[in-house]
Structures are given as structure tokens and as C-alpha cells.
Amino acid sequence: MVVVVKKNPDKTQFNNLQNWLKSLGVSIHTSEGENSIVLGLVGDTTSVDIDLIRSLEIVEDVKRIQEPYKNANRKFHPKDSVITVENVHFGNGTFNIIAGPCSVESEEQVISIAEQVKKSGATMLRGGAFKPRTSPYAFQGLGASGIEYLLKAKEATGLPIVSEIMEFSQLPLFDDVDLIQVGARNMQNFELLKELGRIKKPILLKRGLANTIQELLMSVEYIMAGGNENVILCERGIRTFENATRNTLDISIIPVLKKQTHLPIVIDPSHACGISYFVKPLAMAATAAGADGLMIEVHNDPQHALCDGAQSLTPQVFDEVAKSCFAIRPLACKY
Amino acid sequence: MVVVVKKNPDKTQFNNLQNWLKSLGVSIHTSEGENSIVLGLVGDTTSVDIDLIRSLEIVEDVKRIQEPYKNANRKFHPKDSVITVENVHFGNGTFNIIAGPCSVESEEQVISIAEQVKKSGATMLRGGAFKPRTSPYAFQGLGASGIEYLLKAKEATGLPIVSEIMEFSQLPLFDDVDLIQVGARNMQNFELLKELGRIKKPILLKRGLANTIQELLMSVEYIMAGGNENVILCERGIRTFENATRNTLDISIIPVLKKQTHLPIVIDPSHACGISYFVKPLAMAATAAGADGLMIEVHNDPQHALCDGAQSLTPQVFDEVAKSCFAIRPLACKY
Amino acid sequence: MVVVVKKNPDKTQFNNLQNWLKSLGVSIHTSEGENSIVLGLVGDTTSVDIDLIRSLEIVEDVKRIQEPYKNANRKFHPKDSVITVENVHFGNGTFNIIAGPCSVESEEQVISIAEQVKKSGATMLRGGAFKPRTSPYAFQGLGASGIEYLLKAKEATGLPIVSEIMEFSQLPLFDDVDLIQVGARNMQNFELLKELGRIKKPILLKRGLANTIQELLMSVEYIMAGGNENVILCERGIRTFENATRNTLDISIIPVLKKQTHLPIVIDPSHACGISYFVKPLAMAATAAGADGLMIEVHNDPQHALCDGAQSLTPQVFDEVAKSCFAIRPLACKY
Amino acid sequence: MVVVVKKNPDKTQFNNLQNWLKSLGVSIHTSEGENSIVLGLVGDTTSVDIDLIRSLEIVEDVKRIQEPYKNANRKFHPKDSVITVENVHFGNGTFNIIAGPCSVESEEQVISIAEQVKKSGATMLRGGAFKPRTSPYAFQGLGASGIEYLLKAKEATGLPIVSEIMEFSQLPLFDDVDLIQVGARNMQNFELLKELGRIKKPILLKRGLANTIQELLMSVEYIMAGGNENVILCERGIRTFENATRNTLDISIIPVLKKQTHLPIVIDPSHACGISYFVKPLAMAATAAGADGLMIEVHNDPQHALCDGAQSLTPQVFDEVAKSCFAIRPLACKY
């Protein structure tokens, strides 16, 4: 961390600052410039409050130099992590497509979709049992029965399952769920993240609509600091001023995360664009850019889907999308 | 809701669409234009999935005409609601300043600050016991003892208290808290909102960093639909590309909400800018624009505050800010 | 266009509105709902000011149904346009890479780079002679000599050239430039667009940092309405809250534009990310998503480039990027 | 500027970097940390390309410490500048309201509005002769006659006038215009800024829709570096994801600019919100926060205004807004 102090600072305040910094366990290298004094802080600065220092009267600016995350940092863990979900591996050159309905609606529905997406090459089944909906008047999910139907579909097809948890009192219901999803709106639900750090089950953490990549990695840190190192990251679009798509897929997150972390990254083009006929090109783009996997919504009858039908593909269209992505995968960007 | 159908649509698909819309209980007015057919949907369309219709092949576009929220809608409730927190009233021409430390740190600290802000005219005390922090390595709050110290400060000063809940298992600890705050990161924690809809205690709901005003009102709807009509709204800055301030205070939310809802609106300039010497002009601006109240962070020793010291005022500076706002208040915009 | 009028509007105001709308040449279909009256406007509404109607006291809301652009609209021109720049064709299944330095620095530099990128498969040469720089203290380009050196490089290699115009008094200098670029900061420099509509030379129009896709198409309309139909669109990143990359590449623009317009779309990954080692994955993603071309910065010595060296590739790295994109192209998304 | 180099860098590359930095005229202070080497650059770094350094293989990060603008910097010019437009002074405790129609439509219109706003206390007249419109099919302004009518209104009322220039070939027409406005879309039209730096007439520079405050100050630098120090800054809303208002008024720009520059700041609430009944609270907020002036659109018949009628006030409503702002002004925040 670098602290820029104004030229000729009040002496008492300057001493106070230096003593306080030392009390935090960091050592200080001072270099005096023409218009300011620059303090280089050496040591572990992860717990120093950068905004607090910035607010001091004698301070002009503060810059963080080390990333404030450790466990997820590729610098301290140069090799790709491989996250294993049952028989499916994410990271280190693997590529998987997770597919399934936005919401679980019935046992028949989810088994039928699972069978079809498996034929098309999907290796995991997704399905929402608890649904975060903007409106209280919209369908909120089947809850416990939704999980039950997903497990039936797993039994029928062998596909491991992923479903979203909305708060940790639901955790017992997720005992047999293979991968627990934390949705975008819960990316900074820190109490939930802490609880998920105490279990060993793999977590799929989605980026929030207005969160930076660094904040995503800080939320990972909540889980990993608790002892659970099995985290897969997921980009599902960020909020911008553009309104031709529901959100804006930040495709650059793929190379940025490949540089900053050893954890695998999955792209969800369905939520990113919100419109089914944009899913294919985005899925292909993410594959080419080197994503470790995709998560795509598939529904047998999107027109009657209870939620987000707009962004769901029919199994026939999904088959075509999957084929196109598998074709591109061998040519994808490597890191 | 208005559905724009392409010229010469496939007949079967067009019939399907019309039948399906009728099955949702809405009636349809058709008018044929030169390049498209326009369907006007009349009736309760709050549960119609606009994105789903948009995704149909024969549909060009869909536009919502009625706001999707009811209970908070001024159209159905033209008079200002007054939300009462102990002896303090929000709405309908009242004006209150809530003040206190970002985090409760000790009994002495919070009592001392409470006494000072009361002298300056604050009518409620704020203080965080559970703190949502981006980093797991940052101070997370005192928890139950934090609430206890706040109650001591209430006893000492008579000021009702507000504190943030982070998940509903904490609810029993909030039994004696007068106003329960839902933070920006939890604005769409729908499980929490539903639970808070089942109690009668007033709720202070903060807008999320990347949420639209309409989404804020939809979150209110979760609480009100459950039966709890005591909601106060709070703006604390949104995320934009500008980085000279931590967030961007959306001052326009005041007139927008005054038009759309009957609920009171409080502005939090401290979190909006993140820097103490910007708090005063923002507080004055919010007062002039007709906010029903302010929420301001005050700390006896910002340099040693355990969190967000950067945006906290000393009691002396707060006194000056409060004076300036009380002076402006009689001249403030009326609605 | 659909105008939603409040229930029981003031009669005089309602009559005024209807008469005024009719005076604009549109006819009105009225349908009365429970809480409002909906007016469907039929006819050419491109010149109706939607914001003005919205501001009337008796009006609740207004929604535009037809896109406000005509010449660029795929609805009225279903087939892909092919824009021809010398011997190079953009659109309708073609794929071209434009490459070259951010700034032209010398005759030798630009000829040497041109020869190298041609070997790697680039079919056009880019190079800035007039440079829009945020700081007045930064290098502003060689001006007329820059154009001259580009023409020398064209002579040497046969590659047609593209360069950015900054205002229309420079137009005579662009007589021999094959494709005139309008930069992001000038996307809404309407005087310049009008002038470019009066010539026949092809134009490469870059999207502004904070412009919607619809605004980009409206700016195209300025050029096409003047009689120049030779426009190629270019995405180069938009501004968001994310700061790990200089801008955020909006990859979804490819399918959105393919649906809305018949004009070709080129992606510039260099400006989008601003960092050379992110260019490759973004170029590959854009290719997979079906872009009609790429524009990539290449410099023989990025470390000493006079501008934007950070995002330039060496010719060796460019060769690798081009190979990867050409490999993916046959598998790219088709529309 | 601080450059963070990776631990154990390649020696040749490290030497090259240091030699190159020295060749730019800056001296280097080195301090070695546990995980990296920190180079503190001392001297004038305004022309060092931060992105270029960031792209080097051995570099982890670079942080700028000095602001890259000089002439506008309050650090080197602590007292408020006063910009004089005829008999009107901006800055150093003065407060002025500029009012008038969005577009000049006729001599009678503009004289009548001028007389009315003068009565209400406006000290300058605004009016558009050249109009930047998103659509080429919208009214583009009266051009030279527009300027002529403004001058007639000045003759009739004594109010100095401000009007927008769209490109510098129009400059001769602005000979008698007292204050030349550069619109938001031209904030980075650097050729225009350079030309305006060569004249002595005061300039009103509006912030672009997606420009940071620092970029606004860099654009000022273009004008001031040319020798014209008469610049007034204007905030008119930035683009965000919120759509209840046309743009989002960044009210925080007032304290931020007061800290960073000595130039006066004017707020334009009309363009910021785009809806007439939101103008009053925003104007009052800006006044309270200490703006040096306001710019407000007034039209005698907003319903028939040729452009932006939605955001124009009638003279009667303007009178009320002006009264409210003048009442607040003595209580406004001081810096």
C-alpha cells in the first residue's frame, strides 16, 4: 500500500499516522517528492482500511498494491485448481456444459429435460427449487419438492445436480445436491457465505449484477477462509446502461480471472442476455475465450415455463448450441 | 401491457398467444397498424412474464404500462403514509436526522455519541452490530453485545434505535430494536423480506447499489404483501463509472419516489460519498430536495473507527451539518 | 407509439393532445382500461417527441413501438449489405482482420508493420494520423504526414487503409484514404456525420463509450439519410463500473446488430480491454460470435509506442492471434 | 507515480524499464517488499503513459499519484477564479441563474421568454441555435438566425447570452455571443477545444454523459493550455442503469470540483432529469450544495416546443423555482 501525504504535513498528525500504521504491523518506507511525501507500506495490509487513511486531513491519496484476497490468488497458487463434483471435473483443461430448466416444475418435466440434455452432451443438470424473483407475485419455486424431483432426475440419468440456495436454513435440504449455487443477489450475503465455508461441498458462486471482479474474489475469500476450497465462479451478466439485452455479458472476465485466480470459471449466457436467440452466439464466444464451462437454461416448452421462459432454449436448439460449442472447444484460447 | 406482433404472423402461433393471454385472465384489444398488430392487454397483468412474451417468434416487442407494484403505489394510496418509530414520525411533512456510529464498538462509545448527536438535534440513534464487510478479514461487528449497547444508549438518551439485520435467524435479537434496517446488499434477499413482512416492526429498506427505483419498490412489495406496511425507504448511492466518490448519490430519487409512492424517503449521504468532507453538501442537498430524513454516520474518533471511519463525522462537525440542514428544512421542496 | 392517459383526464387537455397528435399525421386507436386510457398511434412516428408527450399532466407513460431508424433497419432491408473497401468486402459471410499501429510514427514503422500483418492474413491496414487523447500533453498524431506514410504503406503492400477523421475540415486529407473512421468520442458529432453522409466513401463508425446500440443506429441514420449507405459498425467497449479492464467489451452487440440491421459489424478488442494479453481471447470470442471482422492494434515495439502501447500486440503475437481466429472462423455462429 | 514490479524480475527487462523511465526525465526511488519491488517515480509524470507501463510483463501494477491536470488544479491556484461574462460574475460567492428555451424558435418567442426570466431574476439568457439531436429527423435548430434572435433579446433585456457551438467552423457566428457552450457530446471533441483555447471568450464546458470528473478537468486543460482561462464547468447528468430519469444528476460533483479546481460550477437540472416536474427539487438541491449557478430550460409553451419540451418549465413555474433557489442560496454550503 502506498500513502501519499501532503507536502509539509502537520507534524503531530504525521507522527500519529506513522505510529498507527506501525501498530497495524506494517513497516514504512518514506520517499520525499517535490509536492508530496510517499509512504510505502510493507507487510500484510489486507486488514488496513484504505478509505479511513484516505479521509485523514494530511493524506492526499492511498493506493492498494497487493490484492486483498489470498486463498483465491493465483500468485500464491499458480496451478489451476480442479473442482470435482461427483464424477465431473472443472478446471485445468476440462470443459462441461450444465443444462436444465430455470425452475423445476414437475418430476416428469425435469427427468425429460435431463435425458435430453444428457444426449446432447451436458454433464450436469441444473434446476431451481427456490427462486429469487423480483416480484412477490411471481412463481417462487417448488421448494423441497423441487430438490426431490432433481434427485429423481439424477437417479434416472446419472447427471450430478446443481441448485440455488437462498439462505442457510435451507442447507439440510441440500444434503444430496452435488453443487450448491449462490445466486447473483446473494453474492454479498456474507452470513450465507460464511456458513458455506464450513461445509466441504462444492459451491458455484455467481457474480452480482453490479459487483466488480475483485469483489467476487473477496466473496470467494469468505468461503475459502472458512476452509471450503471448492469454489467455481460464474459470470451471468452485469448491469449497464444498455437495454437491448437484459444484462451485459462481461466476456473479459474470462482472461481477467485466468490471470488472477486458480479457480474455474463458468459462463451463463442465458441470464446474461435474457433472450433465447442470443444464447447461442454468447455460448460460442465464451467457449472460444476459454471458459471452463457453460450453464444454459433448457425447457421443453419455454412458452409455458413458470419463470424466465424468455431465455430458455428448447432441447432441439440446445442440442445445436452444444454441438457448436463442442466443435469450437478444441480451438479455444488456452492460458 | 401492450404486445406488438409482427405483420402477418403465423396463425397457429398467434391463436396460441391470444388463448394463453386470455387464460391468464386479461382481455385483449387488437389494433392493426401498417407494420405490426398491437394487442392492448387490459386487466391485472402484474403476474404476466414480459420477457417470456418478448421471446416468442411472432412478437416484436412488449411494453408494460401499469407499474408492477400495488401496495406501495401512490396511485392507490394518494396520501403520504406516516411511519411511526416509537415517538418519532416519518412522512407527511416531518423531518428527522438519524445519527450514530457505523459500528457499535463499546457501551461508552455509543452512549457518548448518542448524547452528543441528541444535543445536535438527532431524533434517532443508528449503530451497526452485524456488519456486512467486503473482506472476511475486516471487523464483522460485535453482534448481540452491539445490540445490547445500543439499548443502553437508548435508555440513557431516550433515542429510539435502528440497526441492520443480516439474516432472519438474528430476528430474536432485534426484539427491542425500534427500526430494523435491511442493507443495500440484502435489498433482494427475498427470504429475509418475506420474514420481515410477517412482523409489524418498522423496516428501513436501503436501495441496492445497482438496483433501479422500480426494483426497490418491488422489494417493498415483498414486505407489504406479507402484511407489514411500515416501510421507510433509504437511498445510499448507486454504482456508476465515476470514482471520485465511493458511490453516486442519486438525488433524483426524492422527487421520483414522491411521485410513485406514499412511503417516506431517507437519504444516507455518508455511504453515498464515502468521504467525510463531502457529507455536508450532500446532506444539505437532500434536505433542500425534500427528503423526509437523513441518516448520518458520526464517530467520536473517526481515525480509530473499526469500520468506515473515512465517512464518519466528528460530533462537532455533525453539529454543524445538522444546524445547516435544520436551517434549510423550512425552505425545502414540498410535494 | 402507445400513449397511456390517466383515468378521467381533463377534457380540454385530452382534446388538445388528440388534436395535436393528429396534426402530426398519425391516426389514433383508443382503448379504455380500468385505470387508464390507451392511445395506439398508427403511422410514421419517427418525428414525434416521446419525452414531450410524457411530460403532459394527463399522460402516465408513452412507449415507442417502432424503431426510430429506417435506413439501417433490417426490417426494411432483410439481406446483409456488403460494404466494399477497394478489393475488400465486409458483410454477407466475409471475414477480415484490420491491423496496424495505434499511431503512425514514421514511414518505416508503418510499412514494416503493414508487411508483417499482411503476412499474417490481415487484409486492411489501420493507423492513426490524428489522435484523440484525453490529455493535451499527450502525443496528438503526425497529422497530414501520418496519412502520407499510410499511403506509402498501401503502395508497398496493396492493403487498403483506414484512419480516423477528427473533424470535417480534415476531409480533403482523406481523399485517398479507403475507409474513414469516426471514433467513439465523435459518434454523436452530428455535423461531422452529416458531412460524411454527403460523400460516397465507406465509413467505419465506432460506438461511443456510453451509447446504446439504438443510438449507434441513429448515428448511422445521419450518414445514410444524407445518401451514403456505406457504413461499417464497430464495437470497442463501453464504460461500466468494472475497472479490471479499461472498458467492457459488449460482445452481445453482435447478435443484437445482426437482428436489427443489415450492416456489417467489426469488433475492436484492443481498445475494449486496453491490455495486450487480453486481446487474444476477446478476438477469438468475437470471431466465434460471428463478427464480420476484427480491428487489432499491432506495434513493432509496444514498449516505445507513442500511444496506447499497452494494448498493442507485437507482430509475432498478432500472427498467433490471427491464426487462432482464422481457425475458429469456419465454425463461427451464422445468422 | 508508483510502479509495482514482480518479485525477481527478468534483469534485462528491469534495466530497460528503469532506463526508459529515466529517459522520460523522472527519478526513481526503489523499495523492496516481500512479494514485489515498488518504484516511486518523482518528477513530472503527466506525460508518462500509465497503461503502457502496466502492460509490461514484469510489472504488476501502476498507480498515478499526482493529478494529470495543472491549470485547473486548485493545488496550484488555491483561490476561486471569477469568470466574467459581460456584467455577470461566476465564482467566489456569486450565484446566477441562466434560463431560456432549449431551442430558439422565433424572435418573438425568445424576447418574450427573456423578459419573463429576467423578471424572475435570471441574469443570463440561454437558447440553442445549433441543436445536437440523436435523430437526423428531429429539428436541428435555426442556425445563424437563432443567434440573431438571441442578440435581439439581449438588446431588449440586457441579458448576456449563451449558446452551443457544434464545430469550430461556426465560430464567426459566435462573435457576439457572450458565453460559448460546448455540449456534453463534444466534451472530448479535442479539435474544437483546442480552437476555443485560442480565443479569450468565456467557455461553458458541459460534462459528457459517461465522462469522469477527472476527464472533464482534462478537457478544461485543453482549453486552458491554449491560453484561455475563462472556463465555467457544467454538470447535466450522467448515464447509469436507472431509467426513471433521463440521466442521473451527479450532485456530488459540486464538492468534488470545489476541492479539485478553482473554476466555477453550474448545474443544469433540466437535462439531468428530462422531466419538467423534477426540475425544481434538483435545482434546490444544487443550490443548497453550493453550486455557483443554475441553467434551466424555460419555454412559453412547452407542449409545442420544437425540442425537449418535456424538460422545460413555463415562465410561471420557473418564477417559483427561481424564488425557491434564491431563498435557499444564503444558507447554501460554503467552501
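Residue numbering begins at 1 within each chain, and the chains themselves are lettered A, B, C and D in the order written.
Methods note: contacts are C-beta pairs under 8 Å (C-beta built on N, C-alpha and C of every residue); 3 or more make two chains touch, one makes a residue touch a chain.
Remember, it's a predicted structure, so these values are computed and weren't measured experimentally.
Novice: If I rank B-D and B-C by number of C-beta contact pairs, which comes first?
Specialist: B-D
Novice: Based on mean C-alpha positions, I'd like to know which chain lies farthest from subunit B.
Specialist: Centre of mass proxy via C-alpha means gives C as farthest from subunit B.
Novice: Centroid of subunit C to centroid of subunit D, CA atoms only: how many Å?
Specialist: Measuring from centre to centre gives 26 Å for this pair.
Novice: I'd like the Å distance between the centres of subunit B and subunit D, where a centre is the mean of that chain's Cα atoms.
Specialist: 31
Novice: How many Å are there between the centre of subunit B and the centre of subunit C, using C-alpha atoms for each centre?
Specialist: 38
Novice: Residues of subunit C that touch two or more other chains: which are they?
Specialist: In subunit C, 210, 239-241, 243, 277 touch at least two other chains.
Novice: Quick check: in the complex, which residue numbers of subunit B touch subunit D?
Specialist: Within the complex, subunit B touches subunit D at residues 210, 212-214, 238, 240-245, 248-252, 254-256, 259-260, 272-273, 277-278, 280-282, 284-290, 324, 327-328, 331-333.
Novice: Would you tell me which residues of subunit C are touching subunit B in their complex?
Specialist: 2, 4, 29, 31, 33-36, 38, 40, 42-43, 60-61, 63, 65-66, 75, 210, 239-241, 243
Novice: In their shared complex, at which residues does subunit C touch subunit D?
Specialist: Touch list, subunit C to subunit D: 16, 20, 46-47, 49, 51-56, 68, 130, 132-138, 140, 166-169, 185-186, 188-194, 208-210, 215, 218, 221-222, 225-226, 239, 246, 274-277, 302-305, 307-311.
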